[in-house]
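First subunit A sits with subunit B, and in the next complex the same chain sits with subunit C.
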Partner chain A sequence: MKRPRRSSTAGLSLLELLLAAALLAILLQKGISLMQQTARQTNEESAAVLLEERAQLVLERIARAVMGSDRDTLIPDHAEPLSTDDIEYRIHLGVQDGEVVWSDPEAIGLEDVDNSVFWMRMPEDAPEQRVTWTNLVRPFLEGELPNGMDDNGNGLIDEKGLSFTVDRNAVTIRLSLDRLTSDGRQITSTVETTVTCRNLSEEDLDT
Partner chain B sequence: MEVVVSLPIVLVAAMILLTTFTAIYRQRSLTRENARVVEAMRSRFEAMRNEPFENIVRLYNADPMDDPGGPGTAPGERFPVNGVQPRPDTPDGGVGRIRLPIMNAAEEGELPVWELREDLVDAQLGFPRDIDGNGLVDEADHSFDYRILPILLEAEWQGELGPRTFRMFTVMTDFRL
Partner chain C sequence: MRSRSTHHHQRHGSALVFALVVVTIVAGMSYSLLRITTFTTQRQASSTDDKRAFYVAEAGLAEAYYGLSRGYTGAIGTSDQPVLLGDGLAWVDATRTDDEILLRSTGLVGSGRATVEIALQSIDVELGIFADEGIELDVPFLIDGFDSGVEPYDTTARTGTIQADDNHSVVDEANQILFYEGLYYRYQNKSGDVYSYDAFFDPLAHPEYMEKYGIEPSPIYDSSILASDSDTTLQLGTGGTTWTTLTERERFKYGMYAAQEYFATLSLMEAPLLASDAAASPLGPSTGADGVIGSNGGISLSSPDTPAAVYGDILHGPEAGFESSGVTVSGTVGALPEEVQLDPVRVPGVVMLPGFVHDSALPRIIPSGQIGYESVSVAAGSELILVGPGAAVFGDLRLQPGSRLTILNGPGPVDLYVTGTVDFQAGALIETESDQAIDLSLQVVQSFLPVQLYAMSRFHGGIYAPGSQVAVGRDFEVFGYLVSRTLQLEEGVRLHFDTSTSGSLLLPRLLGWKIEEIPVQVRQNRGDPFRIFYTDDEQPLEAPAALETDCWEISVKIWTWNHSKNNWNRPDEMLGPAVNYQPDASEWVEIKSRNFSAPTTGGKTWHVRATWDDNANVMDYEGPFESFGGINGGHVLDWALWWQ
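Our next item is the complex of A and B:
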């Protein structure tokens, strides 16, 4: 008995079609999975970078304020291992009739209620002005727990999410921000800088 | 036929998208690394500003024996940079280094004698140059009478895109002189 010959114009057999479809499905699934993974990774990376940029921006604002302040007006004056979560200062505006002209007192600090960093100007004869720079501050600096010990090894004990330490004319500022990503994962960014007060008194200059 | 044609198109599109994602990721990593290094360098400059000008060389050179507070008490020439990986070939695992115009003036075979010299040849630091303000470049040690101090901060690290180097230069002086 002669087997029927397959015509040259015949299409794919059912088995070939099924195999091709299965391969295609596997390839597409892998491709989609890879795309999703990459997109998720990129989103997470973007969120981390944005958080770090925000932390750097706030740190830069604080650093500029401290640099422009007069060292003698900077309070409180805590050196390691003590730290503070707010500082108050005045800016030397110039000299008039032989007298130094000071700015109104200004303050930068951490508001515990909503974990925000605030800047405040406190004129004597006008309502105070207040600006919130960020509200993503961690209650305590990254790696630190409120247990009376130095958990993160930076020489400070139970430091808050925003902390200041003063060493002679230099102020070290540390800031930890955190936020949740769209898939509920927590990301944290910690930044630190040291700046020196540019305006010093005669006594400071002599030492 | 349609499937055969569309499949390569889909694959090429997916490849382009993935390449774009990867490029964005790498660019962000690069920016982040640079920002961290610049911040660490700025902090180091500020810490140096906070010291008496005449002590800066002894505090930030590589010699622990001349530290103003006693041997081994000064920060030295190395400084850390948080968040970046040191290069595997770095002997002490450090990232940042402070370069001052210092040279070893000892004879070969003798213990090193580190001197702050005007006749040092170092184009990156801008030497030779006068640093004690007498208008001359000489061969003396100016560790105790320098009036200006060129400083180069250098960071070498293993970045996402391979080995990276970043330098920042400044000249410090004591305005009270």
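Our next item is the complex of A and C:
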């Protein structure tokens, strides 16, 4: 018995089309949802990595400035549990006629108004030069609240988002940056390093 | 039929195009993502490499700084051939001026580059024999100096008496100029004519003194024979039958080379030692000059009954003084401009192995390299052999009578660090292979018991014990330097300061540290430094090895008629073709160097060009330094050193 053959030009039935459309819609929804989630995660991770990179970069700049500074010109020099959110120093420029030549005073600090880290040179007879290294600094270091206590357990009380502590020739620098992601979530990066001033007087060397 | 078939193919083709478009978009997105990821990774790696390069550059500075304390130039590798430091490459340029040394270190790791620089102040004080807290000696002793880079002590020293010195009279208190009544000189020219004179009037030759003391000019001054005819033999004597013939160097050094009319110099105070007679000095042979004894405190020397001598200079503390009784001091007496800060001993960090008592008849060998032992004692009849190059750290180091310590520092320097007791007992024997003081140091951190140096030894090395009392026995003869907190000498001790060393392990003082601009050619090429500088067949030298073999110090000594002495100790890179010193006719120059015989990296060799007047013949040489015999006499008219 010969079965009637379906014509090659015949279309799908309505039911088949509806089923296919429904399945496609479900798959698309799941796919889009997954992609959005992945994108969000990727964005957050990228933002965190970028923030970490930014924090490390700024910390490195500060650290190198401190390393090149003359310990005797480094002010103020607060030891734990006190800290400061700015420092002033001079760096070694070279030797001329047997005398060490030091730079004009320079400063690195936290600007409370816009939560930025600034570097500043203050020549005696010229306008000061100022550069902002980042404007993502937290008002207070990660985990710290302005309550007269050491909330984050790092030995410092109410330390700012950029803080310096000095122990003899060693300077510890702590920095917290934060920013909002595209979906309004806040991410924070905190970095810390301790460096020693390379330019020391005879008295400093003895200690 | 054909038209249906064509329609069917068109539908399949559109699906393919659609699929291709989708695949292209996805591939593009993937590539972009990959680029972003790669870029991020590279940026992070670059940041890490920059930090590592910074640390390598700092390590280069540390190596160079250490090298300076050993008498090296501070230069490590070159910008063409950096050396291996950690997992990167580095080189250090050393630039030296009269007072400062600039060390600029460049580190390369991966794509990271960093350059840091320190400025150092040279410490010119030659401590020689130094005791921090004052020196008080009341026994016979001898202190003099020599330069092992020029001539070994034994060929420099002479056996003579200081008989003439007993007869001198001071004619100028302010300038300590003496008139040696007991000295005689004679000279014989090429024709055999002998001219003898019964007084040595040199100090009085200055017209001012001649007029003051009514002395007629000596023929030696109105004759140009000594200046123009180097075949003339000049001899000194003390009235006996023995005459000492002065070498050309000595004639010049003691103010008798040229027919100058100004000879009122302190150098003549050293001359009596050259006037030998048959009797040997109870102090033994001496160079008669170049010694240094110093202290941050006062110096008191007395030996009323038996001879004692410092052939050289006295440097007492700025707030203290100097007094002597019965001790010959040939050089100047002065105060240090400021107290010398003695750097503490820096002991290398090595794992300390358990100590041992070596009491076997078979020698025990400590191989080259760094090693540490808690305590080492060598018993009678046993021998301990230390092989250089290397550094050995000991808690205690004891040599019992009859024991032997052999230091094979010919292949490389040996540094002995002792954190506890040093006890070299009388009857023990210490031998050093190298006769260069720079090749051996004994450094004592701080010993509560005196550092006992009573063994029998001709110790060619430096002893640095800034926090310890050091006691030296008469059989322990030092050819180098000795720095201590306090110094105690046994009767008859002989200490010879080797001026080729910097005089101690004092490090130059740090003036400043800064981060420098990375050289342009280095900054522009961020590739793998090992591929940039070395092919697969080549391996970079490691930093310490490069420090030892690739850094040269060239010592050029210039003696002038008034005995002022210029020592040019220059790192090799400063002696390029541009350095060309032309001494005038009254100067006597010797050119020596260290380590010239060793190969340089990169196939470069040192060359010298020199023109000098030798026995009235003008000589010249231009070629490799290794084939150059040096100039040990004669007027150098022109010289230059360079490497190519």
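Quick note on the criterion: the second predicted complex is superposed on the first by the 183 of 207 C-alpha atoms of A that agree within 3 Å, B and C clash if a C-alpha of one lies under 4 Å from a C-alpha of the other, contacts with A are read in each partner's own complex, and residues count from 1 in each chain.
We adopt the following convention: a residue touches a chain if its C-beta (ideal position, glycine included) is under 8 Å from a C-beta of that chain, and two chains touch if they have at least 3 such contacts.
Since this is a predicted model, take the numbers as computed values, not measurements.
Chemist: So, on subunit A, is it clash or fit between subunit B and subunit C?
Modeler: clash
Chemist: According to the stated criteria, A:145 is in contact with first (subunit B), second (subunit C), both, or neither; which is it?
Modeler: A:145 contacts neither subunit B nor subunit C.
Chemist: Counting only touches as set out at the top, which of subunit B and subunit C does A:199 meet: first, second, both, neither?
Modeler: Second partner only.
Chemist: So, does A:131 touch the first partner subunit B, the second partner subunit C, both, or neither?
Modeler: After superposing on A, A:131 lies clear of both subunit B and subunit C.
Chemist: Counting touched residues of subunit A, say whether subunit B or subunit C comes out ahead.
Modeler: Counting contacted residues of subunit A, the larger count belongs to B.
Chemist: Does subunit B (first) or subunit C (second) touch A:49, or do both, or does neither?
Modeler: Both partners.
Chemist: Per the contact definition in the header, classify A:93: touching subunit B only (first), subunit C only (second), both, or neither.
Modeler: Second partner only, subunit C.
Chemist: Tell me the contact category for A:38 with respect to subunit B and subunit C: first, second, both or neither.
Modeler: The answer is first: A:38 touches subunit B but not subunit C.
Chemist: Could you say whether A:20 touches subunit B, subunit C, both of them, or neither, answering first, second, both or neither?
Modeler: First partner only.
Chemist: In the superposed model, where does subunit C crash into subunit B, at 3-11, 75-83, 147-155 or 345-353?
Modeler: 345-353
Chemist: With the touch criterion stated at the top, can you tell me which subunit A residues are shared between the subunit B interface and the subunit C interface?
Modeler: Shared contact residues on subunit A (touching subunit B in one complex, subunit C in the other): 49, 56, 205.
Chemist: Would you pull the subunit B residues touching subunit A in the complex into a rising list?
Modeler: Against subunit A, subunit B makes touches at 3, 7, 10-11, 14, 17-18, 21-22, 24-25, 28-29, 31-32, 35, 39, 42-43, 46-47, 49-50, 82, 176.
Chemist: Considering the complex alone, what residue numbers of subunit A touch subunit C?
Modeler: 49, 53, 56-57, 60, 64, 67-68, 91-95, 98, 100, 198-200, 202, 205
Chemist: Quick one: which bits of subunit C touch subunit A in the complex? Just the residue numbers, please.
Modeler: The touching residues are 40, 43-44, 47, 51, 99-100, 102, 118-119, 121, 341, 509-515.
Chemist: What part of subunit A is in contact with subunit B in the complex they form?
Modeler: Within the complex, subunit A contacts subunit B at residues 20, 24, 27, 31, 34-35, 38-39, 41-42, 45-46, 49, 52, 56, 167-170, 191-196, 205.
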